[in-house]
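In the two complexes that follow, subunit A is the common piece, with subunit B as its partner first and subunit C second.
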Partner chain A sequence: MRPLFPPLLVRNIIIKSRTSQQFSRFFSSDEISSRDLVFKCFISKSMDPWTNIAFEEWLFKDTNPQEIILFLWRNNSCAVIGRNQNPWKECNVRLLQKHDIPLIRRKSGGGTVFHDIGNTNYTLIMPRIDFTRKHTAELVVRALTTRLDIPAYVTERHDIAVNGLKVSGSAFKLVMRRAYHHGTMLIDTDLDRIKRYLNVERQNLITKGVESFPSPVTNLCNYSSTVSHESFCEAVKDYFTEYYRDYVNHGSNKSATTVDEEFISNIPKVAEYREEFKTWEWVYGQTPDFTHKFEKEFEWSHVKALFESKNGIITAITLTPSNIKYHNLINALEDSFEGRKYGDEKDIDNALNDVRVSEQLSGSNIGGTSISTSEMQRVVNDIGKWIKESS
Partner chain B sequence: MVPFLLADIGEGITECEVVQWFIQPGDNISEFDKICEVQSDKASVEITSRYTGVIKKLHYNVGEMAKVGNPIVDIETDSSNELESSLINSEVSPPSPSAQVQSINITEPLISGEKTHTLATPAVRRVAREHNIDISNIKGTGKNGRITKENILNYFYQLFHKTIAKTTHPHIEVVEDKLVPLSFIQKSMFKTMSRSLKIPHFGYSDEYILDDIIASRNLINDYITRNNQFSFNKISFMPIFIKSFSVALKKFPILNACVIDDDDANTAKLKFRRSHNIGIAMDTPGGLVVPNIKNVQAKSIFEIASDIRRLQEAREKNAIPPNDFQEGTITLSNIGNIGGTSLSPVIVSSEVCIAAIGKLQKVPRFEDVKDEVTGQLVEKVVGKHVIPVSFSADHRVIDGATVARFSQEWKNLLENPILLSAELR
Partner chain C sequence: MSFTTLRSFSSKITVLGGFGNKRVHIRPPIIISATNFGNSLFLRQYSSKKKYTEEHEWIDVDDDGIGTVGITDYAQTSLGDVVFVEIPEEGKFVKKSDNIGAVESVKAASDIYAPVSGEIIKSNSNLTDKPSLINSSPESDGWLCKIKLSNPDEFKELLDKQKYEEWCNSESH
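Showing the complex of A and B:
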């Protein structure tokens, strides 16, 4: 008789349990089928960051929690911040906007990353009760070591590294019945380019929320001449499918489903999520409270600025000119900025224009000290430009 | 009104930031509704309610750090019952054996001198000593107020349960009748336990003093370092435990047997097995597995260590061959690295006995030591390395005395390692 799995009943120790292929060796096949777990693999052909993250969300929220899902995807250039991060602290928002590079806030925790097509993402979705931080990373490492001959390993922080350099970072999301672990994998990314977008020196931006934990990184292509997005996906898909082979539906004749834009566009929920991910309210409005201080010496005065923001909106702004001549004009600007979206060019312009208009109407004689129209314009323009650059 | 505690989310995390609330004070909430989202470094976790009722108070604002184990909301339920921290809210489920679960140490003051006015026979006094209980704390219910062995054991178990209550979570109380399907773990445990249910278990526990074995192991490891001929750098205690287990087993072959045709007492037979294929529990990323080492009776400690090493390497690659899982005859489980003192392992249904080893600890014990000055034997408190060992055996075919004697035999070999070599052929 085959030995069966001998569980330990221990009075003061809790049994850890995870989905296991060893588990399945000990049970007969009728027991496996009664457990209802199914393993599925999806590979995305789309490189649109919004589409992919919306599809991942749909896989997580709207499929059966008894499904263990592996999703492999990659994006065109985009910056991705963690659920509870401050975009202005983490990346150069102006530069991203200037270069038309999407900024995405994901739903899992963790730090900021930059994707391009040299980076491949993996997501493993599983029942909550089976979630552990090291599981997915371990399996990916094994796929790399056994099938691509890359000497990768799992670090203490549950990232993946080769030769002391990070190649993959990860983040997690847990809800009642389900959890996922998703991560990046640097295959052949332009590392210098990343630096430009994620390099932000903002000592005086003090924020709540999670700060990124930067580490030195490297690409997998430095350790293998055969690694590519395709070979990585193949290796990971094969390894995971083998590991979960007892839950694979052998009825369907393919091991993975390739999804393209068309397939995805036929799922209305995905389009819904896609829109939500794009809203200002989500990307910027979910920013935790922060303050930002900066100052500048203008020809006409030295000015200090202090911004306070909640939910991405400027809740308070204090501009302190050293020259009291402009005191009232500055007050007017302060009032105008309050309630505007932080770092938003349009809102800044609107704030400036409102002041221009109101001052022109009142004849630029503010509270006793007269300033010429051209002076007023100059101050407003200078302040406007400065605030745009600094925030 | 029930304070709902923030459950341990594992990974040693003691606090996390509240990112958003899904409810406000005054809202009605049902079990499984979302309460809030918290964030810890890389994980974003949704906390769901265990109770149905009305939200009374939120203990944190968005952006504040919520402490694990402290109340996060107050909920007014219909009846006020003892709360418990939610299993479904831990990141590692069930809660990880971190700070909360330790080996139970009954802390009672050491006996200083109990030759006082307590009425108790020497045997009873010895039991009290062995359990580290001050006998003067106990009320006797025997003749003339004598303290009996039962009194001592009852007192001991009361303390035991009190200490458990302090270190583990309070017992779950059900607020109302509810139908809940079994979780994944529960389902699989249900099936395997039902199979093992056929076996009437009895347990036996003892503690072994390992100071001599520790010294012996150090000698062995020194030897290994000096001689590079082995595939490993040092050995753990397991090869020594396993080999001595097998040596003791030779004198008690019934423990290595299995019961067949056991539907009826008239047809049942005992199959005595020549090979000692000792199963050892191993933790893998996929879960607990029990491969066995074949023919321990014919292997040296070094050979056993080599086998263990091979299994560990195969485990790394998630590739232990099926043969290693077959034909086990008896199982030895070491969960000392996790912790624990009193264990009740469940017998594998093709075997009749299982032994489990808990955590090695240094504890105070009494020993008669020769006093340097007087030359007399004096009772002193010395530190001893002690390991708890528990057995479970099939009471249909094994009796308590057999297991007790086997344990004594194994204990003897471990406490006096030189006897192990006396058994060499």
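Showing the complex of A and C:
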């Protein structure tokens, strides 16, 4: 492992190296005066994932692009997928819903992570000109090694690891003027729960977009008896404030701003972003195109299903029963599913109900192969239950 | 892998319409109505056909005033392996600098902006199946969309090849 980039702590003074082109940008005095950068730090007291991610979005979109912002936050349990991922491929959506655990699609790239209060998140927002994939992770590593005595390092994937095990995952977002790097930090997370909610066997779900790259993980608490959310926040805040001390506003803003529900309630845009993040259109509708194939042996027939979806909507569905007797009923089901939301219980119920009603009206004898109402109900119920379980 | 910075508007370099070289300067100014598509004068207006933006998009305008848009080779190198492209929506009217699509590469989601205003008349659906076209052929098969320009003056203001290269050089140090 080559040494991390040069700023070295000598007698508590950061010697600012100019050997790295990227970082010399931060230190050239010309740049300081002409660019007028300001460093700010926010620490959230809220543990509501929607609120925190909406506040992060507000910091990124609605504050001055010349501000370099460090934001530290943690969430109650939730699963967070990358911008271009398929929730059904990455998580056990059904189990998350059953346990009332939010599923969040973030705006940055990368893979799926599971948050709980044993995990602390860091975000560094900066001008796009200063963005590199390594920068933030390297600063966080310096905070861990110098302030908490944890032998962490940055990996090739720009994650942070200790002893070969990942403790922090990274993701990035770049827009016209700004960029951010945000990452998780496993401090004392229930690692078994990660597996429970994120391990899904969906080999027959073929999706465009980005798949997660699972890595063995560990908690920082295995390497330090003193590390906690508070001590991690303190270490990172102190290290970043020292690193960016030339941009700390006249010494007046040296301590972090505490963000709580009351603070956030004064920013209407945060509530707006929060609602946007919660919409079906963003969480599920943003899913890249995919197909999902599954099959099941029922008492009345063997059935194969093939779903095709765009923007989370079922664009086509093919159900193939081995028993020809149900051909017409199955056709009616196929028609009814088209245009519905994939995996959405309410939409599945609506699709089934429409078929029940129309089949009862027509007597289920289109094409001459009549089946009784109870038989029709049974097939519709079985198919419904199966599709819910499988999606 | 190091991610070379993608500089944006925050720069101090002023771009004055991209008429930086002498050859362009001695040409008489062409004054033409924005709606004169198909007119022979229009052809002359786009005489310097391919131009660039500071956000590293290129646009190549044909004689009918339709511009093919993509991201530059410099940009794809900086981004690294592209694994997903959200292609621009066909039929949509966009303003210059509107967000028209996105790419994901090495865990970074990057927005793509319209270099000019107009209607998106076609998107490159090949990118959905093969996002790596952006890396292998950024300025040809990896094109993103075709825009019917609604304000050709905007095209004139973009960077020519030389100015764009200067811009890239200024970014890399």
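The criterion applied here is as follows: the second predicted complex is superposed on the first by the 352 of 391 C-alpha atoms of A that agree within 3 Å, B and C clash if a C-alpha of one lies under 4 Å from a C-alpha of the other, contacts with A are read in each partner's own complex, and residues count from 1 in each chain.
Going forward, contacts are C-beta pairs under 8 Å (C-beta built on N, C-alpha and C of every residue); 3 or more make two chains touch, one makes a residue touch a chain.
A quick note: this is a predicted structure, and the numbers were derived from the prediction, not measured.
*Asks:* Can A:Y243 be said to touch subunit B (first), subunit C (second), both, or neither?
*Replies:* In the superposition, A:Y243 contacts subunit B only.
*Asks:* Taking the superposition on A as described, I'd like to know which of subunit B and subunit C A:P65 touches: first, second, both or neither.
*Replies:* Touch status of A:P65: second partner only.
*Asks:* Figure out whether A:K195 sits in contact with subunit B (first) or subunit C (second), or with both, or with neither.
*Replies:* Touch partners of A:K195: none, neither subunit B nor subunit C.
*Asks:* Of the two partner chains, subunit B (first) and subunit C (second), which one does A:R142 touch, if any: first, second, both, or neither?
*Replies:* first
*Asks:* Comparing subunit B against subunit C, which has contacts with more of the residues in subunit A?
*Replies:* B
*Asks:* Which positions of subunit A sit in both the subunit B and the subunit C interface?
*Replies:* Residues 21-22, 35, 82-84, 107-111, 127-134, 157-158, 170-176, 208-210, 288-289 of subunit A touch both subunit B and subunit C.
*Asks:* Using the touch rule from the top, collect the residues of subunit B that touch subunit A in their complex.
*Replies:* Per the touch definition, subunit B meets subunit A at residues 11, 17, 19, 32, 34, 39-46, 48, 62-63, 88, 91-97, 101, 103-104, 164, 167-168, 183-185, 187-189, 191-193, 195-196, 279, 281, 284-290, 292, 317-318, 320, 322, 325-328, 331, 333, 335, 338-351, 354, 356.
*Asks:* Can you list the subunit A residues touching subunit C in their complex?
*Replies:* Interface residues on subunit A, with respect to subunit C: 21-22, 34-35, 65, 82-84, 107-111, 127-134, 156-158, 170-177, 208-210, 288-289.
*Asks:* Would you tell me which residues of subunit C are touching subunit A in their complex?
*Replies:* 1-3, 5-12, 55, 83-84, 86, 97, 99, 102, 104-111, 113, 128-129, 171, 173
*Asks:* Would you tell me which residues of subunit A are touching subunit B in their complex?
*Replies:* 1-23, 25-27, 31, 35, 37, 82-84, 107-111, 127-135, 138-139, 142, 146, 157-158, 170-176, 179, 208-210, 243, 288-289
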